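As written, the chains take the letters A, B, C, D and E, and residue 1 is the first residue of each chain.
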Amino acid sequence: MEIFGLSSSALLSQLLLGLVNGSFYAILSLGLAVIFGLLNVINFSHGAMFMLGAIVTWMAGQYFGINYWVMLLLSPLIVGLVGIVIERLLLRHLYQLDHLYGLLLTFGLTLFIEGVLRSIYGASGLAYNTPEALGGATDLGFMVLPNYRAWVVFASLTVCFATWYIIEKTSIGAYLRAGTENPKLVQAFGVNFPLMTTLTYGFGVALAAFSGVLAAPIIQISPLMGSNLIIIVFAVVVIGGMGSIMGSILTGLGLGLIEGLTKVFYPQASSTVVFAIMVIVLLFRPAGLFGREK
Amino acid sequence: MQEIILETIGLGKSFKGFSAVTDVNLKVTRGTIHALIGPNGAGKTTCFNLLTKFLEPTSGQILFNGFDITKEAPAEIARRGIIRSFQISAVFPHLTVLENVRVALQRGLGTEFFFWKSGSSLNVLNDRALELLHEVGLEEFAHKETLNLAYGRKRALEIATTLAMEPELMLLDEPTQGMGHEDVDHVTRLIDRVAKGRTILMVEHNMKVIASIANKITVLQRGSVLAEGSYQEVSSNPLVVEAYMGSHGGDAL
Amino acid sequence: MKLPKLLILLVLLGFAIAAPFFAYPIFLMKILSFALFAAAFNLLLGYTGLLSFGHAAFFGGAGYCAGYLMRDMGVGPAAGIAIGVLFAAALGALIGGLAIRRQGIYFSMITLALAQMFYFICLQAPASGGEDGFQGIPRGDLFGLIDLQNDLNLYYFVLAITVAGFVFIQRIITSPFGQVLKAIKENEPRAISLGYKVNRFKFLVFVLSAALAGLAGSTQALVLGFETLTDVHWTMSGLVILMTLVGGVGTMAGPFVGALVIVLLEHRVGEIGNFLAEITSIAWFNSLGESVTIVTGLIFIFCVMAFRRGLVGIFTKK
Amino acid sequence: ADQPPLKIGFITDMSGLYSDIDGQGGLEAMKMAVADFGGTVNGRKIEIISADHQNKADVAASKTREWIDQNGVSVVFGGTNSGTALATAKVAAEKKRIYINNGAGTSALTNEQCSPYTIHYTYDTIALANGSAKGLVDKGYKNWYFLTADYAFGYALEKDASNVVLANGGKVLGDSKHPLNASDFSSYLLQAQNSKAQVLGLANAGGDTINSVKAANEFGITKTMKLAGLLVFITDVHAIGIKNAQGLLATTAWYWDQNDQTRKFAGRFMEKMKRMPSMVQAGDYSSTMTYLNAVKAAGTDDSDKVMAQLRKTKINDMFTKNGYIRKDGTMVHDMYLYEVKTPAEVKSPWDYYKLVSTLSGEKAFTIPPDSKCALLNK
Amino acid sequence: MSNVALEVKNLESWYGESHILHGVNFSVRDGEVVTLLGRNGAGRSTILKTILGLTSKRKGSIEVFGKETIALPTYQIARLGIGYCPEERGIFASLDTEENLLLPPKVSSGGMDVEEIYEMFPNLYERRNSPGTRLSGGEQQMLAMARILRTGAKLLLLDEITEGLAPVIVQKLGEVVTKLRNKGFTIVLVEQNFRFAAGLADRHYVVEGGQIVEVVQHSELEAKAELLNGYLGV
């Protein structure tokens, strides 16, 4: 069977690849959405945190011989701690101000972190191998899918839905959402909100680091690896509806698929298609696909 | 000239299946102060939002001076002479008090899109603006930044700004809310004074205010009209007493 | 009150006129174009409260347009710039027309998205020269009279454009139109209820801002003699936001100061580093030149944490 | 007498994507050349001033202009990034100052936009394309598929390479254009695989090449296709890791393990920079040396006289044998096609390449009849 | 019961640079209802905010159920058993009505349960799935009051709770306050509506210029009516 001059098996394999990318977008935009939705901070340094996640993984392997599986846990923790320090020292003082200031600060941080790492590790990248257990590939009939990619989809979706559950279905989530609007009042109800925001930022950043670990074996690890991704991930969050957790997960996956198809039919446009979709979505749905209108 | 300035026919609004306003037929007579009262959530603010098209009605028609304005945009309605105030105070906080009023007057000049014209061309409006400020007793604050005004004065300023539009019909949503007693009396007198020559439709929970200035009262409950008439008539209506005024009657407040 | 302000302005103008005898003119012209660009952006952000994340499209787009006219169609510099401005205004009408229907962050994102699509067009269009850039824009001479090959002549031409741009912006802000803009920024629903068709105002100011950004962009193309994708990329839209914020939003001087700081950073960190190394004899400073991004990053962090209202804010009380 | 120093300007990407290929390392190589030359020429002290152009053409051009106008540099060396190189070359030509580029790909520097003051030293897209395509087609790899960066540079590489493929009796079965800095290549690779071509030509650079090679391994493409990187630096191979890079074909102008001279230079460089020099950094060294020799021979730093001297001298050093600078500014020299070793073959760190074939300079670079440069054909 | 629930001594407070409270002293025993009266801008709301540490700086002493709180962070003060109903209501737009109602965590046992609350405010029950800020002005006011009744807080700081409510509801709120008082709650009421407050409180404090300028016991109301009139313009 052929669709648009493409065999259905080829189409299917492209869709599957789209899903793999989509799960990266999903988890990255999820972290961004958590931070935006709950702290009202546009975390420009999300890409840098993604990169840190990957580089920390590499460093642990290089200098201490710690393997991938340990780092899958450890790297988000370490980067999460970095996030906590940033929040405590800097971000904390900007909450009452316009979004722009958080954006500017995290932008500055990004330049700084990327610059420092680049001057240490250079720009061309560091090599990291796929863990043994996930090497090889599985023949699905219509394509051969590397096992590692299948793992990526599984791991990121699991984390995404767990996060969604915590935020939308537990009272922690309600405190956080309320605290975004009126942090003082939430504290006046007896909630230790400053601690919660700190942890939330750490958590959002840890999500980025987690996807950094997932990416380490398949994408070139370099200090600049996050900067190309960040703007697309922003677009995903906006299309999904700023702050909507489920929105960013589903949009991330969906856009991965659409981008995958674009790569077949008009590959040059594959990084622009996201923006075209964003314009169309926003013109018809003012607050994004899943966003609540104010 | 029409006797009835504003009329709604079968006006309705529902939010995702919840019907906030249903089949409201309102007739506002020119030159009167008409009050809209009713329990919380009865649909008063929603009615205002419909009349000024801040919300789109789900059913019904709105006639202003006999014209059907149901389809018009908020700014067009304002240009026809229906001006509203907001339940939550609405001023331009970083403009001076004088500028606040002038922004409203400015529309009359027809130069609002003239980005090349000098700002001093607006000074011709200063006299009229000061006059309006005088009317609400804010003259001495004319050059203060509005932000720093006390709450009651902000409400007064809002009324001045609204007056500057020379509205035929003014919609006031709880103009005395959050004011101290002095301010309430002050604003009540102010409304009564500016009502000369125009029509006012107002929402208010303060029965003292209603009793002293409203010519006609419509009571809403659950989105539809429960009763209508003068203060005497309405306040003796047992349905209204039960749904709204309570056993003390408006008097107690 | 009025006199000293005028005096300051005159002194500044005097400085500007004398500047090319002390500093490198091309460098100064670049600062001027960026200052104008930032001021155009600030008209939107600082005075109307609209954050556009797509102003690079107008800046770079006008640059390409003017460059194309001057190099390939033989149009003179003045006409080239003028048409560049019109082009930017038209592009502004297109992007603004769509974007102003949305509020807040969604407005910003639509401008970003449309500007990225414009970037894509620039990238793909054969005429732009891709990432090699559109090279070799001739400076020509002004109305056949003044030879712009001469750096000094060009400098005064650019200075005149910039000053005119600033005066124009000042005029817009204080005009009856500007007064309504301020009101919209402060309280949009109230402005609507006073009978203003808010979207028309936003549209017009967006187009004006785009046109002014285009003026800055075409001027820069003339000064540098080429136009590249850097100028239409989203990072340029980001840069102009930074300039404005670092300088001070909603002030006339802010964009100028911001442009100065950013351009200085881009061009002079190395020298500043060498200078610091010399006076402190800490050799490490010598490597500053290779760490522009680190230094820039630190400055932003510092600015955000220490002077919220921008550098200009240090001098204005409140 | 107290003569003013001879100033050399060096502008390149010191902090961005290409900073490993040239950047600090390039500056170091030039400093080595100056030191090896003796630190003075014609009694003048030699000074290098450098700047980071951040891959912005405006920064590169205005810095260059300023150096010439205000600092009195005698020559400008430029590094990676075509846009900045073209802009800088324009300024230098206007000011009649010599501009020597190492690391920009665009052949326009010596073709459509050639100038009497520009020298393009290490490589250009034509030489790279010729090096890979000719060598492989000659070995019987006739069916090609291209993975191309969607940029002028990628297009040029692809066009030049496919011309060579076709001219030598090969076939091009298709291509995929990908946006610059794409992070995921699996989709394109699958398309390439479906084409059943023998060779996958990578008409991209840096991170894009690295990511495509990584993904090609993951998806098992390398089992059915030969990967030919049209612009691969040794640092890229290092970043990919030998396990994934093995079997990759790469064209280069210089490799550290060619002979004693190259090894000696590489050793010294390694000591300073903790990594092996790329061909661009070797070119930086060689071109600085060549320039200084010419200044010495001409007895002046006058641009026209030095250019004349440069054009008539053969270049023989650790970088090239019998290289020469043509009228259009191309430094004509041999290009080499290498294959990346298998992990088992690697004996020491950075021991990555084995030679496949050598292409003489005349065949590698644009042949004069094809050139649009007015200088060449008059 | 005559333990002191709230003891405020020499309280000073600032918003940024502006010094608002200049030495406020008062104390409320367990189970008492007191009101803070005064003109707009007198500083009544500020007193409540300062007790919870919501202003930018404060000085003096505040003991809540015998514990000094001047150095504690807001959330710890609240956990001592304070329920706060702010004047700007503070309904959360991103939560629906029921989530808003359930938001404040329980600080001790003995709070009302949700059924009881819905019974008291049927409007809220009807609109429970609507986003919090889509409620009408008055409904939001009810919600702000209702949600702290759940938490089991024994000291209630209520700021202008009758504002914008229909007379019937105001009347009902009066009954609620009486009921709460009978249950042993301690209540500090900031009121504009003197008639509402007069019948409920044991004691009235008149605030002016950031200080307490007059104390009127319930029994002295008649006698000091003139005086109050002067302060409040009733």
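The rule is short, and it goes like this: contacts are C-beta pairs under 8 Å (C-beta built on N, C-alpha and C of every residue); 3 or more make two chains touch, one makes a residue touch a chain.
These numbers were taken from a predicted model, which means no experiment stands behind them.
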Third chains touching both chain B and chain A: C, E
- prompt: Can you list the groups of chains that still touch once chain E is no longer counted?
  reply: one piece
Statement: chain B and chain D share contacts with C
Statement: Relative to chain A, largest Cα-centroid distance belongs to chain B
Task: Please work out the Cα centroid separation of chain C and chain D, and write it as a whole number of Å.
output: 35
Message: How many angstrom lie between the centres of chain D and chain E, each centre taken as the mean Cα position?
response: 75
Message: With centres defined as the mean C-alpha position, give me the chain B-chain E separation in Å.
response: 30
Message: Just the number, please: Cα centre separation of chain A and chain E in whole Å.
response: 44
Field: For chain B, residues contacting two or more additional chains
entry: none
Query: Going by the touch rule set out above, which residues of chain D reach two or more other chains?
result: 15, 150
Task: Give me the residues of chain C that touch two or more other chains.
output: 124, 290-293
- prompt: Using the touch rule from the top of the page, what pairs of chains touch, sorted by label?
  reply: A-C, A-D, A-E, B-C, B-E, C-D
Field: chain E partner contacts - residues on chain A that touch it in the complex
entry: 171, 174-175, 177-178, 180-182, 184-194, 243, 292, 294
Query: Tell me, which parts of chain B touch chain C in their complex?
result: 52, 54, 73-75, 78-79, 83-84, 86, 90-95, 99, 102-104, 106-107, 109, 111-119, 121-122, 161, 165
- prompt: Taking the complex as given, what residues does chain D use to touch chain A?
  reply: 15-21, 150, 176-179, 181-184, 186-188, 190-191, 194, 206-207, 210-211, 214-215, 218-220, 233, 235-236, 238-241, 243-244, 275
- prompt: Inside the complex, what are the residues of chain E that reach chain B?
  reply: 39-41, 123, 127, 130, 134-139, 141-142, 160, 163-172, 192-196, 232-234
- prompt: Residues of chain C touching chain D in their complex?
  reply: 24, 26-27, 30, 123-124, 129-133, 135-136, 220, 224-226, 228-231, 266-267, 270, 289-293
